[in-house]
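In what comes next, chain A is part of two complexes: it sits with chain B in the first one and with chain C in the second one.
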Partner chain A sequence: MSLWVDKHRPNSLQKLDYHKEQASHLKKLVNGGDFPHLLVYGPSGAGKKTRIMCLLRELYGSGVEKLRIEQNTFTTPSNKKLEISTISSNYHIEVNPSDVGNNDRVVIQELIKTVAQVNQLESASQKDFKVVILTEVDRLSKDAQHALRRTMEKYMATCRLILCCNSTSKVIPAIRSRCLGVRVAAPTIDEIAQILQNTCKKESLNLPVDLARKIAEKSNRNLRRALLMSEACRVQQYPFSPDQEVTEPDWELYLKETAGLIIQQQSPKRLLEVRARIYELLTHCIPPDVIIRGLLQELITNCDGQLKCEVVEAAAYYEHRLQLGQKAIYHLEAFIAKFMAIYKRFFEEGIADLF
Partner chain B sequence: MKSQKTLVNMWTHNGASGVQSETIDLTYSPPRNDKKRRRQNSELQSVSSKKQAQWVSSAFGDFGDFADVSTSTQGQKAKNSSRSKNVTSKPDNPLQQAQQICRGAGIERGPPKNSKRRPQNDMELWSDKYAPKSQSDLAVHKKKISEVESWLQVHLTAKRKVNIIGFFVEYYSFLPIALLTGPAGVGKTATIKVLAKELKCDIKEWINPIATEYNKDFQNMSDFSKVEGYTSESQLSQFQQFLLRANKYNNLGIFGEESCSKKLILVEDFPNIFFRDASLFHDIIRKYSKVGSCPLIFIVSDSTSGESNERLLFPKDLQQQLHIENISFNPVALTSMTKVLTKIAQVESSQGTHKFTVPSRNVIESLAMSSAGDIRGAINALQFACLKDTGDLTWGSSVKENKKSIKKSSSKDNFKGKMSKEKSCETSASVESDLAAIGGRDTSLFLFRALGKVLYCKSKYWTWTIIETTYDDVVEKSHLSGDYFSAYLHQNYLEFYSELSDVERAADYLSDSDNLTVEWASRSVLQQYAAAVATRGLIHSNSARARFSSGGSGLGWKPLHKPQWYSVMKQARQNCDSARCLFKNYAKPPEVLQTEILPYISLINTTLHNPGQIAFIQDICKFSSSRFPGRSEKLDEKDVVPEDSLETDQQQQSVSDLKKVDNELKSDDTITNSQSKVKTGAEEEGEEEEFVIEEFDD
Partner chain C sequence: MTYDVLERNVGSVVLLVGLCEQVAKSLKMSRLLAVSIDELKDQIEQERQQKLLDEADRITAEIHRTLLHWLKLWDYVVFGKELNIKNKDKKKQNKDNKKKKYQPEVMDELDKYNRPVQKIALLNGPPGLGKTTLAHVLAEHAGYSTVEINASDDRSAEVFKNKLESATQMKAVLGDDPRPNCLIIDEIDGAPLRTDEPIGQKKKKQQGGLLLRPIICICNDQYVPALRQLRQCALIVNFPPTEPAKLAGRLYEVCSHSDEVDFEVIRFEQLKADMNTLLALCEKTDNDIRSCLNTLQFIQRKKKELSLKSIQMSNVGSKDSNKSLFSLWYDVFSMPRQKSVVHVITCRFHNIVRSAHASGDYEKIIQGLCLEKYVIPNIVWGSTLIYKNMNMASDWICFTDELYQYINHMQDYCLMPYIPYVVATFHLLYASNQRPKVQYPHAQYEALFGLIVFDKCSIIYNYTSPQTEMLPSTRKYLNEQCAVLEVLPPLMDIIQPTLRPKSRLTVVYKLRFPIADQLSELGKTWMRLLDFLIQLEKMRRTESASGTIVQKPEPSHKQKLTAKPITEEEKPIKDFFGRVIKKKTPEPKQKKVEKKNVLTTDIWFHFKEGYSNAVRRNIHLALLVQQDYNPRKAETLKMKF
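Up next is the complex of A and B:
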């Protein structure tokens, strides 16, 4: 049994539920014959990948749906073996180069070269190019991005790139200008609620409107999350009741609990305990930037207007450092210490004002 | 270099011809020439250090030197040891004598039996000449000796027998294996040798064979395997063979010694391959533990730098699995060391070939202290100090002059934690160089102490300048990269803070220090600065400590921990990788996979077909139910920090706790000492006595 997210994924441009105008543009693009490189960007869970797959299907027909997962090996100039898994069909190959960390440049160059060197069979009946999908382009090293620039031009004849990322701010302008940007905005809450209900109908379940809205609101306009949440709700309780609790993943609860601990008491001892909990989160593969964002969201709800500004500023400051630096825990801890200090000072002043 | 080599020859070579001319070399130089003398010193030191390097269980793979020495001393021996049968059959076997001389970490030994062969000359190292003969001669602490002795007794007498019918006479479910650890030159080998002699059992010792050379050209490479005598065996297989044979066969008794039934196998000189791939070693030991019957003893010396061999070769899980008994030796106590040194000096001055006056007690004491518990080093230093042409070296007088300060600083430097040069900064520099001149040990800080130095520091305005100068030194001497050192500080600093505003500042400094090393290109340079920012930031932002300092009492003892960051990151990486491998078919970017898909999969109860997936999901989505997950492994006093030191020392915990309490006493002691005035001699005595007691938990 696959997840609803995968099971009910629309597979053609016509079937897409929202941004229909964009879908029709994409269709025109395919039919126009001159297909450029694409840079698809938008928040997580907005349906970028879905849209790309629909586009591919439009390009090549149902052949692109025969996917195979392969393990490719590349060798760096320093003779280091890199293993990376790719998903490919006869017409396209998808890879997440950031899986290999710093050596992403090698992967990109080698992969595109091998794909581009093989021409499409029967080019008369089909498009004469293949497609390489690179995901998480915003996590590519600068090195790799510059390498990509040259490769894109060189193999234009036989291959097109579809780059996929959350934000273009980390993509170098040279690449941005070589691609047609396609922004996939997050669906609105109404759209999500509608989609949830449709999906449930397909599963022959009855999802109350209120619950669908509730889930949609909780999902942060992330459709994938919304679908996962509703499926979790289904497991938790069926038939649905409109006022039922929306299930959240354990790590989020844990993070919220941690934020609660910070609010509860501000002392070095508590900081030490919080640190242990953050380590726990990190070992469970929760990225540090997600942690700091989650913490901020929870902490800010307990702050007054004037405090909010200060806290957010601190969070932004340390989040930036965290992205740059090597030891995320230093910055996470510095942020928490800072918050504790701000919060405590605020309270002490408040009490002083009272008397 | 050449002269150095001849010196090496000279020292190991026992009275062969041609030595005399080189001896003159030494005494030849004009005694007033300071520069030259300094060079001599260094030459001598390099000789002794070379010898030490040989003794310290070949961790350095310094094969060339070893080969040089042994081939030049006794070709016969070289030949012998190049075979796999380099088994020390008996201590007084003439062939093995030389080997023993090379490695006796001894204290006292009478003239050798066949001394008529060797003209009495003082080219022999005193540490060999006076290697201990009996238990009473050993300078090792009594309890330690009895610990080793009882282990030997139990395991030598008890035979490991499995009776086929089912009657177990004496049955040990595991093979006795002991691991002796401790700093170099504290008498680990000597203890074993003496005890084995007293218990009348053979020691079969493994000594790394010298690689056989191919003097045949490789034309007949095709029938290479047929060429007799030139088949080479890897050290690995030789080692394996050795264990097997030593276990199986008794002495032939060719040399007329009575063969005894009891024997034990001693391995101090590990084949080099094991340092590259310790798993090979583990395999051999596991194999041996199944078939072997004869007790196996390993000796590993502690080292302050690089990877600890003990951790590498004997990880905790192996120790537990094979029931390896770990006996760790402490540095030799000051009092017993002084006793031994005095005794040697007296004997030597009355019987030795050249006359000298017995050095004063102060000199001997300072020698003992500067050696940091390394009795072999101390004896060698004594020998050098008593050479007739070095008698007028300046160190003697300076030692007398600065007797007090030497006592203080050196006892601090070497025994109590090598802490705080705050007090006598200007004198300690000169003192240090003096001590170095008479063979003092390199004063490197154990990490434990380095951390304590920063975390327990009371930043006082009047020591400001001293802090400025010393703290880079601390990082440097801890043998860690600044990055790693700051990780240690980060792990531990919170417990030393009581004010939140201080913590805020400290955390900010740590964040700064990490931020300094952002650029990869300049990281190596900036790392030092980053460490400096971290250390100083932590010291200066702790306002509470500063207040405490005026009161004189610090906060209580806090155990130090190893940084969790690295293990956490390692774990996270592993989890990420396995998530990626196991859930390949979801084909999602890792962040999405880990924060959305997997948690929900666990909630949704999707039927997973792969047991690995199921286990992983359960593992990754479970958060520890306790509100505050546990803390990391504690830091041992002697710990040297390898990058991969992630094994836990559960059983050592209690021991190390004890040690830590000791250390706390010591470190507190030192801090207060540094503030107080110089104590009188009597007090000093008392304090040192106290030390001995602390050191050995009497």
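Up next is the complex of A and C:
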């Protein structure tokens, strides 16, 4: 049994449900038999990897779907052993270098070299290059990105890189300029709703339009999330009812509650409670920038017009420092403290104006 | 050498004096080893010893008494003297009167070899209170010749063992010193960990070689791991830090008229000083007697007057001491007393920065600060001030964090000295007069630990681990972050359907992420739920059978067309005349409970109950409880009753 997300994933460019024009562009690109390095970017759940795989299939045929997981070991200059797992077929290899944290530079250098230095045996029937897919490029360290720069050009003959990331803002310009950028935008709510209904049809279920829309709206235009949510709904209750409750991810609810606590009361004691909750979230691997964004979104709905600007500014400031620092908790806390200060001051001024 | 130069470079001078001291000590040692080196004995050293002794006498009289008492207990073994039993009584009275505070009680009993039960005395206290001096003086006083091992000696296990044996079991024969030895192991906590073994062995050796001489150990920190075993069999004598007023008073005495003490070279009599200044001095040196005297000596050489300013300005005396984390946190959050010198804001600032610098473990310090800042400010300030402070503090912490990251990343350690300033900021923002309750910051560690645990047993771990069970095609589209944020929460709902309607209100919301254990646990919960449902169904059926509940009509899609059973209506049988013949329905045979005839079966047995006085007898519980119960006795007892 597999999840709907995996089961109904389109596997060729023709079968894609949205961004069809882009799909045809990609097809044309590949039909020439060659393509430049690609930088595929877009929000999570928009179908970046799906498109990459469709592209590869278009290029190499169905052989790319025979995947295997391999363990690769690399040794750093300081003699530390790094283990990283790669997913590969005969034609491509996919790796997420940020799995090894700070040592990603070594992985990139070694891996690409080994892949690129091997020529394909039968160049007549096969393409003479392999494809290396690097995921989460935006989480690569600067060193690794710099290391990537030269390798990309050097091994152009034998390998193509497809980089995959959420945002190009953390990719250095040198790399951006070496790649053809492909933006995969998130599907619109209508598209998601349509896809959900199609999927349900394939599962021979009957999904009401209202519910499909409701799920699509709650999914933040994230198709993966939408599909998972609808599957969860299916498990909860079938036949569907249009006003069925759609469960949100628990961490989001938790975050919302936390924001509620902050709004409710501003005091050092409350800050201490909130701190414990933030720790809880961090312990469950929720990334700090997601936390700060989620908090901001919730907090800002409770703010007056003038305040909004100030709060967002503070959030941006602390989010930036968060990226520069080590311990997320300090920065999150600082933001919350700042918000409390702003909020409290606003209220006190409001009361003063009354008298 | 002029003293101007000296003062400019006081640090090295202090070092020099320390060196002198060490030299003098080792020289003294060699004297004890019966080599006559009286000429070499440094007079300054002697004088200092004398002074210190003086201090020790006055200030630490209690400790003095305790230790001497313990030493005297050895008299029986070493000198063969009878113990003074009166002493014991007096001691008891003493104890009753005072209800002593810190000092341990000397156990007066002797063991089977007539040694005191506590075989070793462990003197413990901050530096410069005269521990070494006290030990020497007392040992001499009690009639021992002292053998000292300190950090300047080689203290490898082998040497240590030899020395221990020679000191405790032998006696100087050659010299004119017939007194038995008393071993003083100085600076025992500084001993390298390997000497842990010999110290541990000491106990064993006591059984083998039998320790017959007193050993006095001296340390600054009694909780060093090397001393753990030793502590159990030792008399631990704590030197409490001296009260500054007391010490200052004493110093004042020394300064103003030192005639009564026999100083040969240096006299303090000309030095003019007032109590306040001396108090400041005490505070600065952390009540270290040695350091105080040293400082005084230097100042006296230069000028005739001791002013508050000269104390504050000079960097003499402030020690490079390492404060514990807790005391540092305490210092940060408490305001120094009004009277003390360090009340001035610049002084406070420098003090805090210095001690933060000295303690080194910045990360811990900052964590502690971070926790503390929420606990303190509550009533006193207006809310705006609270937030102003809080924001400032958190900004500072963020800045420090950033700095840290930069230092670690670039390995650029020249920025390191700027880190402790955050501590000073906290002090200036949050120091208050109420006593802070400092707690150890656990949260960070717990969070980290939790993260590791979570990492280890979750699906995410499965994702990253080499022995992944995930299909490559599944795994391909999943990364850690999206697994946590998007896939796992609904996945729990998908694989764990709700079997009964839960009321949203009562369900306590909790973060639940599928952890591997939980997944295997899932099966069990399922079973339980199913079981519950089955029970429910059963109950429903029995109820419906009894007719109280109308069975619900089947849902339409499940309804099947079934042929109506044609039942032949049983028409009453009539006879020819139309009369109803009453059919004799045979009465349903009542099931006869077959009484098995025992005798017909092949095997049978019969339990013969009987009553016999020969076997039965009344026994009271009390008798059973009696350990040596025996029936005969019981019988007799019963007879008696």
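FYI, the second predicted complex is superposed on the first by the 353 of 355 C-alpha atoms of A that agree within 3 Å, B and C clash if a C-alpha of one lies under 4 Å from a C-alpha of the other, contacts with A are read in each partner's own complex, and residues count from 1 in each chain.
Methods note: a contact is a pair of C-beta atoms (placed from the backbone, for glycine too) under 8 Å apart; a residue touches a chain by one contact, two chains touch by 3 or more.
On a predicted model such as this, the values are computed, not experimentally measured, just so you know.
> Quick check for you: in the superposed arrangement, does A:50 touch first (chain B), second (chain C), both or neither?
Touch status of A:50: second partner only.
> Let me test your reading of the model: by the given contact rule, A:162 touches which partner, first (chain B), second (chain C), both or neither?
Once the two structures are laid over each other on A, A:162 reaches no partner at all.
> Just to be sure I read the superposition right, which of the two partners does A:147 touch: chain B = first, chain C = second, or both, or neither?
Touch partners of A:147: none, neither chain B nor chain C.
> Would you sort A:331 into first (chain B), second (chain C), both or neither based on which partner it touches?
Both partners.
> Does chain B (first) or chain C (second) touch A:68, or do both, or does neither?
Second partner only.
> Using the superposition on chain A described above, determine whether A:283 touches chain B (first), chain C (second), both, or neither.
both
> For A:23 in the superposed arrangement: first (chain B), second (chain C), both or neither?
So A:23 meets neither chain B nor chain C here.
> When the two structures are overlaid on chain A, which partner does A:9 contact: first (chain B), second (chain C), both, or neither?
The second partner, chain C, only.
> Give me the intersection of chain A's contacts with chain B and its contacts with chain C, in residue numbers.
Overlap of chain B and chain C footprints on chain A: residues 2-3, 6, 44-45, 69, 85, 87, 94, 96, 99, 135-136, 222, 224-225, 228-229, 231-232, 235-236, 247, 249-251, 254, 268-269, 271-272, 275-276, 279-280, 282-287, 290, 318, 321, 324-327, 329-331, 333-334, 337-338, 340-341, 344.
> Flag every residue of chain C that touches chain A in the complex, lowest number first.
Residue positions touching the partner: 370, 373-375, 377-378, 383-384, 386-388, 390-391, 394-395, 397-398, 401-402, 404-406, 408, 443-444, 446-447, 450-451, 454-455, 460, 464, 466, 468, 470-477, 479-482, 484-487, 489-491, 493-494, 497-498, 509-513.
> Which residues, counting only chain A, touch chain C once they are in their complex?
Those in contact with chain C are residues 2-3, 5-6, 9, 44-45, 49-50, 53, 65, 67-69, 71, 83, 85, 87, 94, 96, 99, 135-136, 222, 224-225, 228-229, 231-232, 235-236, 247-251, 253-254, 257, 268-269, 271-272, 275-276, 279-287, 290, 318, 321, 324-327, 329-331, 333-334, 337-338, 340-341, 344-345, 348.
> Which part of chain A faces chain B closely enough to touch in the complex?
These residues of chain A touch chain B: 1-3, 6, 44-45, 69, 85, 87, 94, 96, 98-99, 135-136, 222, 224-225, 228-229, 231-232, 235-236, 247, 249-252, 254, 261, 266-269, 271-273, 275-277, 279-280, 282-287, 290, 318, 321, 324-327, 329-331, 333-334, 336-338, 340-341, 344.
> Applying the document's contact rule, which stretches of chain B touch chain A when the two form their complex?
483, 487, 490, 494-495, 497-501, 503-504, 506-508, 510-511, 513-515, 517-518, 564-565, 568-569, 571-572, 575-576, 579-580, 584-587, 589-592, 594-597, 599-607, 620-624, 627-631
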